[in-house]
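Each of the two complexes below includes chain A, the first together with chain B, the second together with chain C.
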Partner chain A sequence: MSKKHTFRLVALLLVGATILGACGPAGPDTIKIGINAPLTGDIPKVGEGTKFAAEMWLADIEAAGGLEVGGKKYNVELVIEDNESKAESATKASTKLITQDEVLIIVGPQSSKQAVPAGGVANDNETPMVSPWSTNPNTTLDRPWVFRSCFLDPFQGPVAANFITEEFGFSKAAVLYDVASDYPKGLAEFFKAAWEDLHGAGSVAAFESFTTGDADFSSQLTNIINSGAEVIFTPQYYNEVALIVQQAHELGWDKPIVGSDSWGSAETVELCGADCYGLFFSTHYAAAGATGATKAFIDRYEAEHGYVPDDVGALTWDTMLIVQEAIQGCGEVSGELEKDRQCVRDALARIKDFDGITGKMTFTEEGDPIKCAVIVRISEAGEFEFYKSACP
Partner chain B sequence: MIFFQNLVNALQLGSFYALIALGYSMVYGVLMLFNFAHGDVFMVGAYIGFLVSTGLLTLANLGAVALPTWLILALTIILAMFLTSFVGMLVERVGYRPLRGAPRASAAISGLMIGIFLETFVLWLGGPKRRSFPALIESTTYELGGVIVTNKKIVIVLVSMLLMLALHLFVRRTKWGMAMRAMAYDYVVVPLMGVPLNTIAALTFGLGSALAAAAGVFFGIAYPVLDPYMGIRYGWKAFVAAILGGRGSVLGAALAGFMLGFIEIFVAWIFPSTWRDLIAYSIILLILTLRPHGFFGEPYSAQLRL
Partner chain C sequence: MGVESGAIPVKAGRMGSLVSKARAWYSGVPLLGWLLGVLVAVALEHILGRRVARALGMSKEPVLFGFVTMLRDPALLPSAVLYVLLIYLLPIAAVARLTAQLTNRLAATLLSLSSGVSSAVHLGLIYGALHLWSDLSDYRLLLVRLTLIAIMVTLSLNLVNGYMGEFSCSHPGFMALGAYTASVFTVILFVDDRVFGAPLLALPPLLGQFVFPIALILGGVVAALGALLVAVPSFRTRGDYLAIVSLAFMFIVKSLIENLEIVGGPRGLQGQPDWANLPTVFLWAVACIWIINNFVRSTLGKALNAVRDGEMAANAMTVDTRRTKMVAFLFAAFWAGVAGGLFAHVLRYVNPGTFDLKKLAEVLAMVYLGGLNSVMGSIVGAVGFNLLSEALRPLQIIKWMIIPVLLILVMIFRPTGLIAFREFDVQELIRPKGEPQQH
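Right, the complex of A and B next:
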């Protein structure tokens, strides 16, 4: 009997504590921002970059004595949740952030695998969410509450097409891609469409493919070389890039080869070596040769954490500043969560010409930014050098 | 010109298929089983070649020994073949010998398991990071009447053909080769006449694995990105070549390996490359429908001796 009573008492206390806890500290003096990041799992480095960049932003806010909204300074609290790099954990983390921690806005998840389902949770609960890194169109599609701060795959194709046209003045291109993998296949098709828009039908002289795991591209490259193409676009991953570039050179190809953000791994140069020097690819940001605010961020990050931040760190930094601008653009924080979340969402949608370290951004109706991509040149030292930005 | 260029391309690709297919075919000839771990033995050979060449290059760079690059290349090929042959013999000893006499499905399953073991072992040892095979041949490009050939391709194709010729002579001209052929003829009666079955089986696995290792080293030279799972794809393709050449036929496996290379390359030239594998393997299916025992294989009735 007494056991049962104790249990009831504990249960009652717990319920009470939850209710009290929920109303308690989230007073109008504190703004809570949720971070949904892969701190463990397949890609802990991504989670680490997210956390570090967000904490650097928080340090700035605290140094300024809080976040100023409508003339009043608020404390900011970051609620960082681990999504274990899993889709189901990401939705769980977002649900917790929205309902239990009652955050104003969520930053993350990073990869599309988690951002697509977690975006659904945020949208259903009418809580604004910004993913720094997810490039899959479905993350924000038909979800007015979900935003992102990177460009999308359908944008990269035209970027590469425009860059090649302007930089080299070529009018005949060839594409070599993996027909069995979604990302390269999608991007190859977007590039082809964009190139044909610029140069007319038939201007893609060769549209060659292979299957994941192939190592010999000699037949496809022979076709490309004999098609009269002036440039090869190949949106492949770093291991295939090395093989394609080397084989192309061995078959006598001495014209440019251009790639996409999947080239942006340190291993590209490690595997490819001198063959890849001088080639270009499009990506989110370039660490080497950065200037201004981007360089300031890189130097500070490197000083604090000992390595050059990758694109995730830079995009998260920009996302935090976008969130800051949206909250400030709101004018006031009333303490009524529903009203404040609506207000922040509307402010996000209104953001124009936000000047981030990964480029200027303006959100479309879909919640995707119109922003520039960066064209990176692989230098003679094997570094990824900023070459120019390519804008929509 | 494109035709001749693709001919050169196909000769290189065919060399790999042929070298690997020989291992499948020899083992089948002697023991009437397919060594499904053979593709992974090829991968192990490539990794051993990677270790040997990286080690030798480090020694040469330290100035410990004066090694010209051609000597490093030669040593890499020889050492990789030698060491991998022991891997092959070990596979036979552990995976197949205890199952001799067991239903043939057991041996096939055992082979698949050993393949998975080898993949995960290399993965555990070297990590998932892809390895860059050192450039043992400084690439030089020659142009002969519009056809572009590199010195790598010439070396790969010539040495592969030399190895195949050496194997052919070994099987045809030596006592051991004669024992292998006798075993292929009847592996129940021949051991009764004093030919050591286990020794011949180990020799067959060793020879096949050595050729696979040579293919692995050449693969590393031609396509210098190694990963622990690369053996699966090439193993299966070479298996197709072994079937196409005729089970148990050395000559058939070599010719069919080159033929597979030609079919893949020429299909991608003539048809859209998106359909390459579909068309290439439909052609092979058609050939096998017309000639179920391959080019040089004997019909089933003559081979099923038990």
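Right, the complex of A and C next:
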């Protein structure tokens, strides 16, 4: 009896297989784009912004009936992988996207601690990758296949230093940063170097650090206040910014506090409140008072998701458009992955004066864009207002 | 163990008798037979996988037995199940059963030669299957290597938390020490690096494979030295105190590396040579399992259990408790260091942020899921946790609800883990089956 059962089962399976086989594979009419984003882990908001921006782009493509390359319309499929905000998971996700899902190009990861190892994977496997948000020089250094669409820390440090000097005319600055996190640490050092270039050695009156997770900054702030500094530069993330600014004010600090692009999250104002009004930071774009394509993007994002997109969303949007331009600039999609990847990479490297919502971009030899930074003022209404722009 | 069909409602009874029949049918298949089946299935996938997957409407062979495919696109669920059935389950079942007589005879012959030869043949089959399976995509390869490394880490932590009965939290720290030591060694000596400059010893790439063990052992030794630092002050106390001291040690290591600008600080160290390929990782994992298994079955291992169950009593029975604990702790740290070195060379990037509380929670979860005081448990725990966390990744945040719930369920129904307090007897595993079992 059991033998009969087995045969019946196998017969059934084979019939099923043939029926399903009729559906056919996806075929070469589809272009796959991988997204490697931190959907869970430490910074899920960043992952969410990435995903939303990418999906908005996809909706546009679908509304147009597909992505037109060389006169032919292709379907686009986004393969979104979660990297859990971990280096090893980012490596796994990128490897999976490249070798399992066989995507044409990868967008992400966002944070440098994931983008650096994932960039290695992309470069070794000769697959183009564009990180929208990673500012660490190592992400693209010596990696012809890896690009980014944001400016680098060595650029942003001098921008902040120049802005403070021109705006306030100060000559003594203090820096407060997280020594255990690569982004604040790198930027703090670049700022210090730029400041000392402008005002001579010793002009950084206090260079104070803390460790990720610290919530009490009173001892560092007391040191800063006693050092005679005229301004605090603190390249921290939104949760720490609120604590630092509030505690500084409680300790009697009434001079300016200046930040960097990591301030550019909607949460900053929400957590910090009136304490942050009137402060400046350097970033990729300003949401309030935006015009043209930038405004269109912000309005649409806000209508769909209920909040003003932060810089990750805007940079991802630009990245998706750059990727689109590169694929289109390639001329044709042959279906041979190796050839297409090479072609897209070359097209990426050729992009000139791409007009994105975060500024005009042209890639250097290293795959880094030359673009302007924006100084933003937090208005009395808690909005990020454009104040001025700083170009290289 | 069979279920009596009479007492149970008809349907359940039929199912039950089917299961017991299948079990009886397959009880005569030795491990060699199963491995042969797996090898055939994997080879089958190698040859036919792409075509079968295409015919079933999938663009590529589904990885992880179709789980990811199913979760991403539920419409492909029948195809994925069919694929697993056609490529894996049916061939394995058929080959294992049909060759049972042959493999039994073969297993008996091999065992009569020597158990070493027999083990080597089994390992060869396992390696062959892994090699063919991971040959299909780099993603599988990465997964296999990271899982093998996870087995090493889990096993070495089980030594402390299971066999010794202490609660140590410093394993990520030991891994970090091993990872950084091995990386610095290989990067300084053999890689043209931006931080350390030109390689001191320009070796042909082929020779690198032979130098790599030195780097790993060095990493293990440094980790063991770190363990000595924890052990000296903390082994005067027991229980919670060791947990606190070891946790502090983990943070000290992390901060130390973060503040060491020479190895990249929080930005991490990259550019490790690509030496941790599958054979290397496999050999080290096998060595780790074999040596730790022998260790826990030795007199020292038994002494370790005695210390766990009653330190005072063990002392009275002339067990040198202090030395026993020290040796076991350093030994565990050594393997964690080796695993860390391999980990760094698989990712070819290492940063201090990797070795934090999240890593600790992961390793602890693998140990307690698999089972305390058990080599097999550690293997099952590490493999299970890795595959599960990889398979459920498309679920994103829901994954982080499912895995903890599973852990809670395991803790309720099997408080010491899935396969706890069991000896890993290689002889028993590789012996031929089927004939009336003589013991």
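One rule holds in what follows: the second predicted complex is superposed on the first by the 246 of 392 C-alpha atoms of A that agree within 3 Å, B and C clash if a C-alpha of one lies under 4 Å from a C-alpha of the other, contacts with A are read in each partner's own complex, and residues count from 1 in each chain.
Everything below uses one rule, namely that a contact is a pair of C-beta atoms (placed from the backbone, for glycine too) under 8 Å apart; a residue touches a chain by one contact, two chains touch by 3 or more.
Only a predicted model underlies this, so the values are computations on that prediction, with no experimental measurement involved.
J.: Could you say whether A:K96 touches chain B, chain C, both of them, or neither, answering first, second, both or neither?
T.: Touch status of A:K96: second partner only.
J.: Thinking of the overlay built on chain A, is A:V116 touched by chain B (first), by chain C (second), by both, or by neither?
T.: In the superposition, A:V116 touches chain C alone.
J.: After lining up the shared chain so the two structures overlap, which partner does A:V179 touch, if you call chain B first and chain C second: first, second, both or neither?
T.: In the superposition, A:V179 touches chain B and chain C alike.
J.: After superposition on the shared chain, which partner residues are touched by A:T364: those of chain B (first), chain C (second), both, or neither?
T.: Touch partners of A:T364: none, neither chain B nor chain C.
J.: Applying the touch criterion given at the start, work out whether A:S334 contacts chain B, chain C, both or neither, answering first, second, both or neither.
T.: Neither: A:S334 stays clear of chain B and chain C.
J.: Figure out whether A:S218 sits in contact with chain B (first) or chain C (second), or with both, or with neither.
T.: A:S218: touches chain B, not chain C.
J.: Could you look at A:N239 and tell me whether it touches chain B, chain C, both or neither (first, second, both, neither)?
T.: In the superposed model, A:N239 contacts chain B only, not chain C.
J.: When both complexes are superposed, which of chain B and chain C contacts more residues belonging to chain A?
T.: Result: the larger residue contact count on chain A belongs to C.
J.: Shared contact residues on chain A, chain B side and chain C side combined as an intersection?
T.: On chain A, the residues that contact chain B in one structure and chain C in the other are 179, 211.
J.: Residues of chain B touching chain A in their complex?
T.: 1-2, 5-6, 9-10, 12-13, 129-130, 132, 135, 139, 141, 143, 148, 150, 152, 219, 222-225, 227, 229-230, 233, 264-266, 268-269, 272-274, 276-277
J.: Give the list of chain A residues in touch with chain C in this complex.
T.: Where chain A meets chain C, its residues are 2, 10, 13, 16-18, 20-21, 23-26, 39-40, 44, 81-82, 84, 86-89, 91-93, 95-96, 98-102, 112-113, 116-117, 120, 125, 136, 138, 141, 179-182, 185-186, 211.
J.: For the complex, give me every residue of chain C touching chain A.
T.: Touch residues, chain C against chain A: 18, 21, 52, 54-60, 63, 78-79, 82, 85-86, 90, 137-140, 142-143, 146, 194, 254-255, 258-259, 265-268, 270, 343, 347-349, 351-354, 358, 390, 393-394, 396-397, 399-400.
J.: Given the complex with chain B, which residues does chain A contribute to the contact?
T.: Going by the criterion above, the answer is residues 179, 208-211, 213-216, 218-220, 222-223, 226, 239, 242-243, 246-247, 249-252, 267, 270-271, 273.
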